[in-house]
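After this come two complexes, each holding chain A, first together with chain B and then together with chain C.
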Partner chain A sequence: MSTTPQARVRSLDDPELYVETPATIFDAIPPYPPRTEREAEFYSVREGEMLINLGPQHPSTHGVLRVVLKIDGERVVDLDPVLGYLHRGVEKICENSDWHMVVSHCDPLEYIASMFSELVPVMAAEKLLDVEVPRRAEYIRVLACELNRISSHALFMGWLALDLGGLTPILYGFIERDEIVEMLAALTGQKLLFNYMRIGGVNGDLNHEFMSRLGDWMGHAAQRIEDSQTLINENEIFVKRTRGLGVIDRETALRMCLSGPPLRATGIPYDVRRAHPYGVYPELEFEIPTREEGDSYARYQLHLDEIKQSIHIIDQVLHKLPDGPVMAKLPRLLRPRPGRAFAAIESPRGQYAVYAMSDGTDQPFRLRIHDPSYFNLQSVGLLTPGHLIADTMAIMASLDPIMGGVDK
Partner chain B sequence: MTLTRSWSRLTPAGKIVVPLLAIVVALTVALLLGMVTGIVPAITGAVLDTLEANVGIVRFVVAILAVLLFTIPTAFIVGYLELKAIAFMNLRLGPNRVGPWGTLAAAFHGFKILAKEDFTPTGADVPVFTLAPAVVFLAPVLAFLVLPFAPGLFGQDMNIALLYFFAMGGLGVVGLMMAGWSSFNKYSLLGALRAAAQIISYEIPLTLSVVGLILLAGTLSLNQIVLNQQGSFLDWYVWQQPLGFAIFFIAATAEGNRTPFDLTEADSEIVAGFATEYSGMRFGFFYFAEYVNVFLLSALTVVLYFGGWLAPIDIGAVLHQVGLTFDPALDPGSLGLGLLLGILIVPPLAIVALALPFWAFRSGLPFWKALVVGFLLFNVIAAGATLLWAVASFEVVEGLLWFMAKTYVFVAILVWMRATLPRVRIDQLMGFAWKWLLPAALVNLFVTALALIVIDAVKG
Partner chain C sequence: MARSPHRPQRAGRRLSDGRSRAIDSALKRRLEATLGERLYGPVAQRHDTTEIRVAPGDVAAVMRTLHDDPDLRFRLLADICGVDTGTTMQVVYHLWSDTTPDWLRVIAADLDRDDPRVPSITFLWKGAEWGEREAYDMFGIVFEGNRDLRRIYMPPDYTSFPLRKDFLLPDDASRSPGMGVRHMEQARRPADAPAAAPRSAKAG
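Now for the complex of A and B:
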């Protein structure tokens, strides 16, 4: 469609702005006018360059991430991530809910592994309340979290392959996830948003169905992880597409505040479970796998190693599980002392933390959530320019962001 | 009333096409009626004379119609295979609702697509946007025209069939470019440019890889190439041209935009490439074209390297050596009235005979149910016997069976690759074509030519 140049017409995006020609679909990428210098530079397109919207509805942006790519042919010159399509204001909502409701509100943040996003506010509240959590509850928390970590990592492997064009591995990843999710459903009654962690313990003891499912699964888990990794580990195309792609060095990784697998793939053995131990992790024995390369392939392999470590942890927990209650004795209405508390855990994506302030009422005065996806996703802008469009997906998938947590 | 409303709903183009179509249909019916009833002998004579005088054109029209009709079940079968086979490799069940084992799922997808809205986006170049799916679909259909299915069963026997085949295969990229350019969508544009780069690059190794085979065969006619491979399966060209076959199959995969070279539609990168803005039956045409292309490339592989319609071993000769001779010559006319008796008496007796054991050994089974089972069994046996008889007596049937069996092996391999492999990147794709396939094809050509010269020198 050719548009006839007209003298001065109002812009489609900003009625206050006059443009030389009416904006066509090709021009209509906001913002008009640019709000910052960076935007002015980014949205002024040179000869041969083109802006293209990746998302918010795109098969491989893992939710509602929108990235405006500036491309020159197939090569990405620059990019501008636009966040906030899933913003619900969870932090603000939490300020108007009592401490029990906070857990439910934080639950869907990291919705692939929601055991972690509900554990953190619980831990912060426990620090404010000075509660002693029963040891059996602590062990059950570790058990549930590690199971959820495996299910999240299994899905990650499938996603990465799916974004590279492989149809099958995602469904093999879903086998593990299905079994674990069924198991956790037997334990918690939910499949996605568990609402299992409670301030002072967990909601309900281990039951027979959960234990029998877990026993079945433990029998073949390690073997099946090995099997499904043979699908893509040695695949020439997969290796060629991920090795040497999106390389982060240690200094950059630290400067970008990365955590979790993207950080450990650069060779820094930082894991909150060891660096700032919480729960019963000091009593358990496990390694922190690291890789030196810092590329997409290293991140993928790191996830495999972590699955094996998690299975090892679950094995120990099942041997050491003590008897006793699973909930501490607490009043129904919780009024923590006025003060501040910081709790951090190692989620499948990195350091997940909550900084909570209490003013002595039954509601948190302020609840600040540090989500690892957000910080890991930042590095896309650093890694992608210079690569091809197809590599954007491989890099983004290997950073494994969850938009629920990024946009909060 | 309904008619007026339907008429007012037609597009301007439809208002021209529909009356024309009605006139053509009416004329055809009138002509046929005239010929059959012989009311006007002059018409019959004139029509027959015209047909006879233009037998080439008549053959072409009939062949293209047959090929066009043949693509429909082919697309459905390949589509079903893709749904079901990939489902099994993904540990899913796949389609299992419509028809036995979901066999009608692909056909119902076709009907569903017919009923969907045909959407044209704002800013699209409407004529090009509308024509593009037809071009994409007709390219493989035209290529079908020279494909020999069985001895004597082909559209046209050209002496430049192979060249024509590649020319028609290359035509598809024009349609993809049209679709991508006219959609007014950046993803479509990227897909179209990828398609152009990829298909034109891979055409070179594809064509070069068969030059060695052409040297061996000494002809470009696909019929002759198949006939040259007569004998046992050891005479197939794949043994003389293994490298050529490998290059050909890889390049053909890229020509057909199949995984791992499906960059043009790469749904995880550029959403669906050239097909992003298409919906309804126009989108269906792209899918049709893809499945037909899969069949076509497999068929060409079979024709060139795996002996086309030829059996791997000559079963008749083997049987003869063992001492068994099977003479299927059956003249039903010689039986006279006995034939009528056979048709009337044998089936009921056979049905009852087949039903009896079921009735006897399954307690509680009513006799009519046993009869139904017997009827079905009899039909299966009769169909099998007829097929066996047809295979034994007609070369065409046997050839067609072998051809289809071999072709679907390669279709299955392409489907298997789709379920297994991730997608390559555009630079790796181009690098592979120019740095590896092209030199390898040239080496293949050189070695073949050298071998031919040496053999000639030794012999002569």
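Now for the complex of A and C:
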């Protein structure tokens, strides 16, 4: 049994030092020559700087994100996110499954709010097929999505506080989420990956258990949100650690392709529900809350405002809900005519879009999934330099990436 | 648009008369006037999307015009992705503007499949960097001017491009339930029939 001769490689702790441990692609300094200008710049370490890995198993990275931090003392000089630890090739899988299966493959992408990640491919397929969805189904979709948005936002606030070291808010966040999840479980049979949207409608009509749970919850929802606000809204430590942190201005936000709360926190009222209305949103009244500051605290407050708007939308849906079927009549085998369709919705994290191409068979020819977390996460490299290592988590949590969607 | 909720619903009705929006023909005229001969074929409009095609060499100039022109103001990049049609490569951009209710789809068409190259748009949208990295990773499309064009999902020592149409899934994967109805149809075919060739787009 022969041992392979081991190359001398740079130490992770001190780039000037050479050691005999074999380097792998998981080491901070990659064992191959830099491939791009930017990589060469990032991995050349100056006097006093060093590289450390944050992740891929660090709890504050919300999944399996690895970030290579270049630090000078406690300050972050630069960083390089490394993705792909959760990459499953969903787009390729979808090209090899038929249109109905696409829904369940796209479901686990944004797993905190999976109503949204299954709604978009369904909408794209409906555009390709030229199918009109029954109005009752459209209203039920809005109802389910807004409930899911609230549960996602409630968890966001808990996470943000958790990454700053506060344990309590996430417990309250989960109380809120638990009630909604139980409600949606009564409707769909699932608690996390609902698989509820269908091409042409939804899987089932509203039932009694769902409605009674919803009625109970609506009675105290607004009050509960107010209560959990007071937990951290004026908490001095929380405010000091988020205000003025990760500030981004309007022009840069547009240049960085941000969407959702990070974009609206800079003052741009871009919300796909109003900017490019879909479903029955034109018939519903709601505001698009914006903030001017563009920092982590503004992003946090924006989530609170959006929860209130979502409750307002649910209230209207319950009053306007029409009677009728919840599924359009469609053949079991869907063969859309050759063409292209682009559908986008406002998910809790921003604009979630699908670009679908059909070549006339029962499988999508190309299904491009645009996930907002992916494009929002990108700006962490712009926001973090100059801040402390501990603030990296606060900034990352305020952008709210879901690695299931980032890595696809 | 506003329909009475009591009107009886016929499920599965076509979109064409009821809910579809008016096509924004003003946008079409504006695009034709502004871009002129840089358009690579007619402006197509369907549903809520206006589609233009440009030659890959013109992408940077066209995008700058769309972004800066005071009558167009496409300031928001909604999506950027690569497409392999089986015969050529394309890069597809989706843009949003407050001047029109439509999405604008810009297709950089007819990239050489052996050496797909297109100018980067990171000088306008820095955030397109990761989108371009993903298209490079999945299709091998080279974006000239992108400072950080390396693989983003696949490991650095990976050599092929998974979303290309000639990248076929291994046999066990294609026998999986994911193949669905198509697989059943193939199973019913006579044994001496030729195997299915890799798909190429009729959509173009």
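Methods note: the second predicted complex is superposed on the first by the 378 of 408 C-alpha atoms of A that agree within 3 Å, B and C clash if a C-alpha of one lies under 4 Å from a C-alpha of the other, contacts with A are read in each partner's own complex, and residues count from 1 in each chain.
The criterion applied here is as follows: a residue touches a chain if its C-beta (ideal position, glycine included) is under 8 Å from a C-beta of that chain, and two chains touch if they have at least 3 such contacts.
Note that the structure is a prediction, hence the values are computed from the model and not measured.
Legend: residue contacts after superposition of the two complexes on their common chain; A:L167 is shown touching chain B, with no touch to chain C.
Once chain A of one complex is fitted onto chain A of the other, the partner contacts of A:R241 are limited to chain B, with no touch recorded for chain C.
In the superposition on chain A, A:H220 contacts neither chain B nor chain C. When the two complexes are overlaid, the chain among chain B and chain C that reaches more residues of chain A is C. In the superposed model, A:K191 makes contact with neither chain B nor chain C. By the touch criterion defined above, A:P134 reaches chain C but does not reach chain B. In the superposition on chain A, the residues of chain A touched by chain B in one structure and by chain C in the other are 25.
Contact residues on chain C toward chain A in their complex (touch as defined above): 1-3, 5-6, 8-9, 11-16, 18-19, 46-49, 51, 75-79, 81, 83-84, 92, 94, 96, 98, 101, 103, 105, 124-131, 138, 147-157, 162-163, 167, 169, 173-174, 178-182, 199-204. Remark: chain A residues 1, 24-26, 50, 52, 58-60, 74, 161-168, 171-172, 175, 232, 235, 237-238, 240-241, 388-391, 393 touch chain B in the complex. The residues of chain B lying in touch with chain A in their complex are 86, 89-92, 122-125, 184, 186-187, 190, 194, 259-260, 262-263, 266-271, 418-428. Those residues of chain A that touch chain C in the complex are listed here as 25, 30, 32, 35-39, 83-84, 87, 89, 91-93, 95-98, 101, 127, 130-132, 134-136, 200-201, 254-258, 270, 275-276, 282-283, 320, 322-325, 327-330, 333, 338-342, 344, 351, 353, 355, 357-363, 365-366, 368, 370, 374-375, 378-379, 382, 407-408.
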